[in-house]
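Next up: the structures, one after another.
Two complexes, one shared chain (subunit A), two partners (subunit B, subunit C).
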Partner chain A sequence: MTNLKTRWIIFASLLALAVISYSITIKLKIRPSPQVQKTYDYIENLPESSAIVVSFDHEASSLPEIKPITQVILRHAFRNNIRIIGMSLFAEGTAIGYSMLTRTAGEFGKSYGQDYAFLGFKPQHISAILGMGESMRGVFPEDYLGTPIDSIPLMRHIDNYDSIAMVISIADGDRAVQWIEYAGARYNQKILAGLTAAMITTYDPYLNSGQLFSVVGGLKGAAEYEMLYGQPGSGSRGLLAQSMAHIFIIALIIIGNVIYFKGRAGKKGRG
Partner chain B sequence: MLSILREEPERRGEGEMDIGVIIAGILTLAIYSFLYRDNPIYKMAESLLIGLSIGYTLVIFWQSTILDLLIYPLFGGGKIILIVPLFLGLMMFSRFSSSLSWLSRIPLSFMIGAGAGVAIPAMLYARTLKQVSASVTSIVSANGNFNFSELVVVVGLLSTLSYFYFSRHHEGALGRSAKVGTYFLMIFFGATFGYTVMSRLSTLIGRVDFLLTDFLHVIK
Partner chain C sequence: MRVKIPLAICFLSGAIMFIQYFSRHPLAKAVYNGILDWWQIIFAFTLFVGVAAFIKSGLKSVSWSKARPSTGRKTDAPYKAISLVGLALMPILALAGGTKFGSPFLWVFDNMQAPMQSTVFSLLAFFVASASFRGFRARTIPATILLISALFVLLGRIPVADYFTESLAKATFWIQDYPSMAARRAILIGIGLGSMTTALRVILGIERTYLRGER
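Let's turn to the complex of A and B:
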């Protein structure tokens, strides 16, 4: 019963803290990390009409972290008139990716087929990544809506990585590793990754070796990017709630340790 | 079949409530009811989540693999060569019969062989050669400056490798090096765990965002 009570207090406090800190507006001073700055600068300096691939390689469960990252990157690309080719190597990311791409394109008045396209899901991701290096229309003869790829104006002059400025893999697992290992290593394609925070350490070795160009990681990365983009969104708002929750957890760890060591000292004193 | 999934939901006007948002809001609260204790409402929401995920994935795979890559090109486009993967795929189901299960080894060996052929050179290059070359760096830069970060990398790499060297007892210099290696491992695990906590909190905040913004309209 005591355990249940303690658990309740912790969960209820954490939820209350998240709700309160999410509801209030405090402008946090956010300093962009070198990785986020590098990503922003690269997209900012891409020539107009460059084409990029955004691959939605994630599950629905990671949407809270993935959405702010994806939205701000898509907005930045559309604002700079960069053409976006969406796709997915993860079944669950397909409908989410299509929905996010379509909605964000709508904010900028971009038209499907001219400014962006969504090629859909492809199983056997390694074959798909390698195949795209040879011929994208071979891998995706039709787009997500069933339109033949040659009927899409955006795709008429794009057939492999030679016409793609970069691939952004929005991933909550190791799909971006496959982009690095196959598209990056074999076709020298520039790879960027939008990752959940839990995956950042997995990708650090690839960043240090230069195989991965840059990373935008977690809610913090999204907030930093939003700051550079000049339009705070759910990433910036979520960062305050996340910081407060971190402080709360650190306080709980300290309190727990104090109680533990006091209890141990008491036992020793009695023993 | 996919047309339903491909349809973009209609934009709703101010004050209009989307039935999907109401269902999602109720299901979110149903999942969080587990924090109190296991209960039938939570069980229903959990089963719905699993069922929907599997159903959705099945539809996507059916459309994008079975129909788009096999049935349509084979029977509609006359690509006779696709009979080969069709038969290889059907052979996989021979595992259900004890007398014919040996047939499944043929497509399996093909898959493993092709998979290994594609993966081994790529992984050897990307995960081994590139990583080794990134680890071999100079502690002193070209202009004579001492690079502390590179020293940490070298010490961390060697000590962690020595921890995984099991051909000798971890005594003496090897023991001390392995001990240092464990500290580096702990720092890595700590950083990974910290990021994981951060990730899970983001999920909670994402749900709070949904409940306050889309479901309850408390935040505009």
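Let's turn to the complex of A and C:
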């Protein structure tokens, strides 16, 4: 079989597998990991009206994996009447964050300015993170829509990390590391990260040392959180497709190696 | 003078940032806040430079003068043209209709840019699948160890693993918590020490490559 043919078979099989497993409903056995449980418990036990910062530090490309994590965390926070301050350290995350925050707030009848606000994007993430530790209104004199920050009721009594219970960085790269290194190390701010599955191991040392409070990672993390929240969403739905793709890749690795060793044995036999 | 002034600025900036970290004096705080503001301003200007450079290179590719001499065709011209149209369109939409929920700007972002980017990124899964079949071979002992670890982690990261055995999840956590973490910590500590050394070299004027510029 030619290389090209093999490639097309692999591509077609993966596509078929993903489409089928996304279309059918199989209830997977989902057990919350300690990290997801810790995050859920923390938000669940936050006093009403506490303020948290949710930073949308990702691009549109990772949305299928990032969106379920963000949605379920936002829903949980809104359900518990926690006030949310949205922002972004990635230009692309700005529109995504504003859109997602506004939609989710709408589900719970929350009003802009009272229950949530979106500050928008700031370039140069390190100076923005450090600057927020001194004065949030210094870094964001206006919100995303151009409203002066002092005329937003939610922001009137919030000026730095002292009034923020937790910063949640929703990241598809290492932007959450900067939150840990600058907001966490210098201002003792509690940091939580919502991450793509591929990035989880990057954060393990920070998690293990306690510098990172907790992690909700990938579709699995989203599905676990949705289970705790009590409302299955896109995380649970996408998890089966992702699981099937994992199994498919494992099968391909095994088949590839079987073929390789058979070929090598054949060569040795002939030689 | 062309060397001494930048070196003095660099030394002063580095020294001030270092000292202010340990000081609670109002003056140190004021200097720190001032530097943070300047940092933001300088970075904002670099964004303008980036956009200008993108427009310049895009226009060059689209213009006829850049046509390939052999064929007279410009292979990337249509893509560059689309990028330039996109670059012009988004600010126009934002200025004309705002960036509020339900605005044309947000509609284009939600319904065009986000799905297109997600689509391109999802293609990665197909290449990973193909590469795992063709390239992930147990040729040597280290490659075999890597492969077995990868199989454990791949399987352990999905809930389907729970249907097999609980020890699989334990093995996955062990791989992540010990060998993987040890390697990562070593790399991170190495990066940290390297960054500190480089920073000190730059502040003290030992490392001067940044002064050379374009020749």
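Note that the second predicted complex is superposed on the first by the 270 of 271 C-alpha atoms of A that agree within 3 Å, B and C clash if a C-alpha of one lies under 4 Å from a C-alpha of the other, contacts with A are read in each partner's own complex, and residues count from 1 in each chain.
Assume a residue touches a chain if its C-beta (ideal position, glycine included) is under 8 Å from a C-beta of that chain, and two chains touch if they have at least 3 such contacts.
Predicted model only: the values in this text are computed from it and were never measured.
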Could you tell me if A:Gly131 is touching subunit B, subunit C, both of them or neither one (first, second, both, neither)?
-> second
Partner chain(s) touched by A:Val258 [first = subunit B, second = subunit C, both, neither] | neither
Is A:Gly218 contacted by the first partner subunit B, the second partner subunit C, both or neither?
-> both
Considering only touches as defined above, state whether A:Gly210 meets subunit B (first), subunit C (second), both or neither.
-> first
Check whether A:Ile24 is in contact with subunit B, with subunit C, with both or with neither, and answer first, second, both or neither.
-> neither
Is A:Thr196 in contact with subunit B, with subunit C, with both, or with neither (first, second, both, neither)?
-> first
Quick one: classify A:Arg237 as touching subunit B (first), subunit C (second), both or neither.
-> first
After lining up the shared chain so the two structures overlap, which partner does A:Glu181 touch, if you call subunit B first and subunit C second: first, second, both or neither?
-> first
Check whether A:Ile250 is in contact with subunit B, with subunit C, with both or with neither, and answer first, second, both or neither.
-> second
Where on subunit A do the contacts from subunit B and from subunit C line up?
-> 7, 11, 14-15, 18, 60-64, 92, 95, 98-99, 102, 122-123, 126-127, 130, 144-145, 197, 201, 205, 208, 218, 220, 242, 245-246, 249
Using the touch rule from the top, collect the residues of subunit B that touch subunit A in their complex.
-> 5-6, 8-9, 35-37, 53, 56-57, 60-61, 64-65, 68, 115, 118-119, 122-123, 125-127, 130-131, 133-134, 188, 191-192, 195-209, 212, 218-219
Contact residues on subunit A for subunit C in the complex?
-> 3, 6-7, 10-11, 14-15, 18, 28-31, 59-64, 92, 95-96, 98-99, 102-103, 122-124, 126-128, 130-131, 134-135, 138-139, 144-145, 197, 201-202, 204-205, 208, 218, 220, 223, 239, 242-243, 245-250, 252-253, 255-257, 260-261
Could you please specify the touching residues of subunit A with respect to subunit B in the complex?
-> 4, 7-8, 11, 14-15, 18-19, 22-23, 60-65, 67, 91-92, 94-95, 98-99, 102, 120-123, 126-127, 130, 142, 144-145, 180-182, 184-186, 196-201, 205, 208-211, 218-220, 234, 237-238, 241-242, 245-246, 249
Considering the complex alone, what residue numbers of subunit C touch subunit A?
-> 29, 32-33, 36-37, 39-40, 42-44, 47, 98-101, 105-106, 109-110, 113-114, 117-118, 120-122, 125-126, 128-130, 132-134, 136-139, 147, 150-151, 154-155, 157-160, 162-163, 176-177, 180-181, 184-185, 188
